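Encoded as structure tokens, the structure appears first; notes follow it.
Order as written gives the chain letters A, B and C; numbering starts at 1 within each chain.
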Amino acid sequence: MNLDAHIPAGALETKWQRYKSTLPLVSPANKRRFKIIVVGSGLAGSSAAATLAELGYAVECFCFQDSPRRAHSIAAQGGINAARNYQGDGDSVFRLFYDTVKGGDFRAREANVYRLAEISGAIIDQCVAQGVPFAREYGGMLANRSFGGAQVSRTFYARGQTGQQLLLGAYGALARQIALGKVTMHARHEMLDLIVVAGRARGIVVRDLVSGTLRSCCADAVVLATGGYANVFFLSTNAMGCNVTATYRAHKRGAGFANPCFTQIHPTCIPVSGEHQAKLTLMSESLRNDGRVWVPTKKGDRRAPHEIPEAERDYYLERRYPAFGNLSPRDIASRAALQVCNDGYGVGRSGMGVYLDFAEAMQRLGQDVIEQRYGNLFSMYEEITGEDPYRTPMRIFPAAHYTMGGLWVDYNLMSNLDGLFVIGEANFSDHGANRLGASALMQGLADGYFVLPYTIGQYLAAAPVLDKSAAEKTAAQTQQECQQSIAALLNIKGKRSVDYFHRRLGKIMWDNCGMARSAASLQQALQAIPQLQEEFQRDLRVPGGGASLNQSLEKAGRVADFLDFAQLMCRDALAREESCGGHFRTEYQTAEGEAQRNDAEFTHVSVWQHRAAGEPQLHREPLQFSHVALAQRSYK
Amino acid sequence: MAITGVALGGFVCVHLAGNLLLYLGPEVLNAYAQSLHDAPYLLWPLRAILLTCLVVHLTCGITLHLRNRKAAGRYVKRDYRTASLSSRNMLLTGSVMLLFVLYHLAHFTLRITDARFAQIGHTDVYQMLVLGFQSPAVTFFYVLAMVFLGLHLQHGLSSLLQTLGLNGPRYNRWLSSGGYTLAWLIMLGNMSLPLSVYLGVVK
Amino acid sequence: MNFKLHVWRQRDAQDKGRMVKYAVREIGAEVSFLEMLDLLNEELTEAGEEPIAFDHDCREGICGACSLVIDGVAHGPGRGVTTCQLMMRNFRDGADIFVEPWRGRAFPIVKDLVVDRSAFDRIIEAGGYVSCNTGSAPDANVTPIAKQDADLAMDAAQCIGCGACAAACKNSSAMLFVAAKVGHLHLLPQGRVENQTRVGNMVKAMDAQGFGACTNQQECEAVCPKEISVNFIAQLNRNYVRALLDV
């Protein structure tokens, strides 16, 4: 497996600028002859599809939702980072770069992260020009707020709906290209497989979710912008439809899967309330700007929060990480919450929760200000829990939220399969072992608006012309294989619903490969999952047929892939014998319970290659750090 | 709808103001009627404008209704949270108004429904009213029609500024309650006429 | 809690469809409406019946996918919430609950409670954006925008495109949807450039998609999960008249 990252030579600060201006170009007249498939219409997908079409390429865009505007980027709440230093608080491209590399526990590529930080400002410009109503100061200038893992205010936001507003901006740009006939949009279509001809990605097989028909679509390049796989935990903050199918099927066709064990557990979610819960709700990290996290100092204290005097409260984040306090990075805050709950200090009926208290902020700023900043989040919380957070502290608990791992890509965002580009959360590139808040939106849009549109040209300029007949032959075969696997799922005719298996898989993963992992727990998972998989293949029930809208069938295909993928994730977690970022192996921790990296052996990207028979093979892309010194991450 | 509605609504107001002269005695009312009669260069163009507005209002209303019926979905169970009874039944209240206007014209303008009117002069409006509203059936029909007028105007007056985009958040509440009040005042004013004759307040 | 559900079942676009009764038992008050349907679907699946198809995705009230008319009201009895944010504690134990899809000519039913809302996408394609290519933008702080304008624009921009406005309207009018988009862009200097053409094109597209006309009943505002104000409709009308007079 060729894992050359193709990082251009030269100084870090000028690398991207120089590279960009030396990339081979495709002439405007030729662009429309190239067809590019974009799968997914979230921030990365929409922005890429729109920009590629603006450049003149013929774009076909697919999404499984009923409209591209509903992709899960829409749910991002808090904000988007950019190194603009509008607040004059000392921010710079280098600082954002440094924070991101450090936040990712030194497991990301320096060159990629620097480019991301460099582009971040242009994203804000672009979004403002599109009419994204970012929050403003009274003087009319853009407002900022702080996010975890940073000591400057560099997060731009639109109330608690930043993702929505950014996505609507990108969706607008996409809609414009659809109206101009430059993008053909296929909503309610799910990608089932990748068509690979002679080592090159040449198209995809999709299922029209309404009619159930399978279709192949051939193209000069394929861009996957299909998001992350946090739903492997069943309960997560991801939308119900988020899945690993597109990336996992591409992996099965030869694309390397990088760092699958790097998953992010978000510290501020509404705790699980019952066994039938289908979804966890995130409360934006921005709440930690003004909310203080605490638990009672007495174990199993069941008093109501207002009855607990100040002296009997443990503001454990402020105590343990005085420099960053409540704004410690997500992995640290999550782990700390889990720790206090495991030690018996947790609150709420299940004991799996900590308080996020706004009493002090309300006294300092007044309820009006709090309402203005977080009004929609507060009402959302009240709607779900029936408790009024203006009067009583919120109860929060960590939940699976984001996945840093993904398909391996080089500096050009191309996977090891020629012609297969992967952008946004679907790739592994920029966040290392832990993503900082408000960086996902930044990365998705950077990839889609400002990186891929340049780098894809280089590939297309040199790629051999699409051999239609060869592509169609492979396509027919791939399509047939998809048809067979659908038929197989329908023919099991067992007794249990898809959700039954998904819920069980989720529990195995959460317990054994969640916030804390150990060799023993991972081995246990690696035994349990194949058993569950076997049961799935024997006892699954998918009512209805394949020739119409069948939501059970859609889910069955996705869960079948999750069952495979979960094993890859555990394998990766087992192989990485260190703790870093979101990957916490209980065997590897400092005396104070912090993550202990093993830089000598694990300063690399783990890339897994699928093998038709036998276990997947591990390859390594070593990481070099020349501009930041590897140190133990400290937020004290 | 809104523009012609304004014209028709304006007419209703003027019409009511004229009729309220009833309470000032036969001389004043009849003199008013006479003065209208003496100014055909004013009366006939106004009538023509009104008729045009009515036709346009009707045509728009029916077109709108047909288009909306075609677009609308039909639910097995439906509940409204805000949409008022009057706003949902403009076609019904409007149709009743049309019937009423036809009858009203036949009654007092063409004077073909009441044989007794033949003995009275064209401009002795006072006498016509007094005679006309002695019948309980006629009085009841007029009062009932005014309820429909009230409902029709209630929605019409409170929402025409919205259609024309002439309202604004700062004075919206005032405008819409103003529309409601005006509609009810017009309704009550109009109702008072037949009732006061019938009950013998005006003789 | 126990409930008697009356759910619209329809095999496909051609099927006539009918209400079907289901009993659901022992539902906790903290269970959401859609989780209650999940439970029913699991029961149906295990009994070998086809589960009820309904649209849903984020389950936190922002993607706009969920779209049920519950007891005759779009998104059900909650105020300012989507169907997915509705909890069973809002219902009386033992109640009969009617569940129907959005209805209207512009929202044809695909299956059971799933409807086709692509008409909304086509309205946006007609002009619901600022025409600026990637990379052409000036510095974000070059044009100051008054805070109150940005806030008001955000009020309109919150629209999640769920379609409740049109589903609840007696006339199936999509005015609030169109008004929210036009209003959002009209309030910002970047969007104002194309205002004239946008207003006409989007209204035309709305009519072409088969939506009805607004008769100011304000039911849209009352069911909108983001509580978008009908003031934006007045603003749209004003813009529309202005565009007519100017062209």
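Rule of thumb we're sticking to: a contact is a pair of C-beta atoms (placed from the backbone, for glycine too) under 8 Å apart; a residue touches a chain by one contact, two chains touch by 3 or more.
Everything numeric in this text was worked out from a predicted model, so none of it was measured.
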Chain whose Cα mean lies nearest the overall Cα mean = C
Key: Reference subunit C; chain at largest CA-centroid distance   = B
Message = Could you work out how far the Cα centre of subunit A sits from that of subunit B, in whole Å?
response = 64
Note = Distance in whole angstrom between the CA centres of subunit A and subunit C is 27
Ask   = From the C-alpha centre of subunit B to that of subunit C, how far is it in Å?
value = 38
Task = Note the residues in subunit C that touch 2 or more other chains, in rising order.
result = none
Key: Per-residue overlap in subunit A, given as positions that touch at least 2 other chains   = none
Complex interface listing, subunit C residues touching subunit B = 6, 8, 19, 69, 71-73, 98, 100, 102-107, 167-173, 210-219, 221-223, 229-231, 233-241
Remark   = subunit A contacts subunit C in the complex at 47, 50-51, 54, 65-70, 72, 74-75, 84, 86, 121-122, 124-131, 133-142, 158-159, 161, 164-165, 168, 171-173, 175-176, 178-179, 185, 187, 210, 237, 239-241, 273-274, 276-279, 281-282, 379-380, 383-384, 386, 449-450, 453, 495-500, 541, 543-544, 548-549, 551-552
Task = Under the touch definition given earlier, write down the residues of subunit C that touch subunit A in their complex.
result = 11-12, 28, 30-32, 34-35, 38-39, 41-42, 44-46, 48-51, 53, 55-65, 78, 80-81, 85, 87, 89, 110-111, 114, 116-118, 120-121, 124-126, 128-141, 143-147, 150-151, 153-154, 157-158, 160-161, 184-185, 187-188, 190-191
Ask   = Within the complex, which stretch of subunit B touches subunit C?
value = 64, 67-68, 70-84, 87-88, 90, 155, 159, 161-169, 172
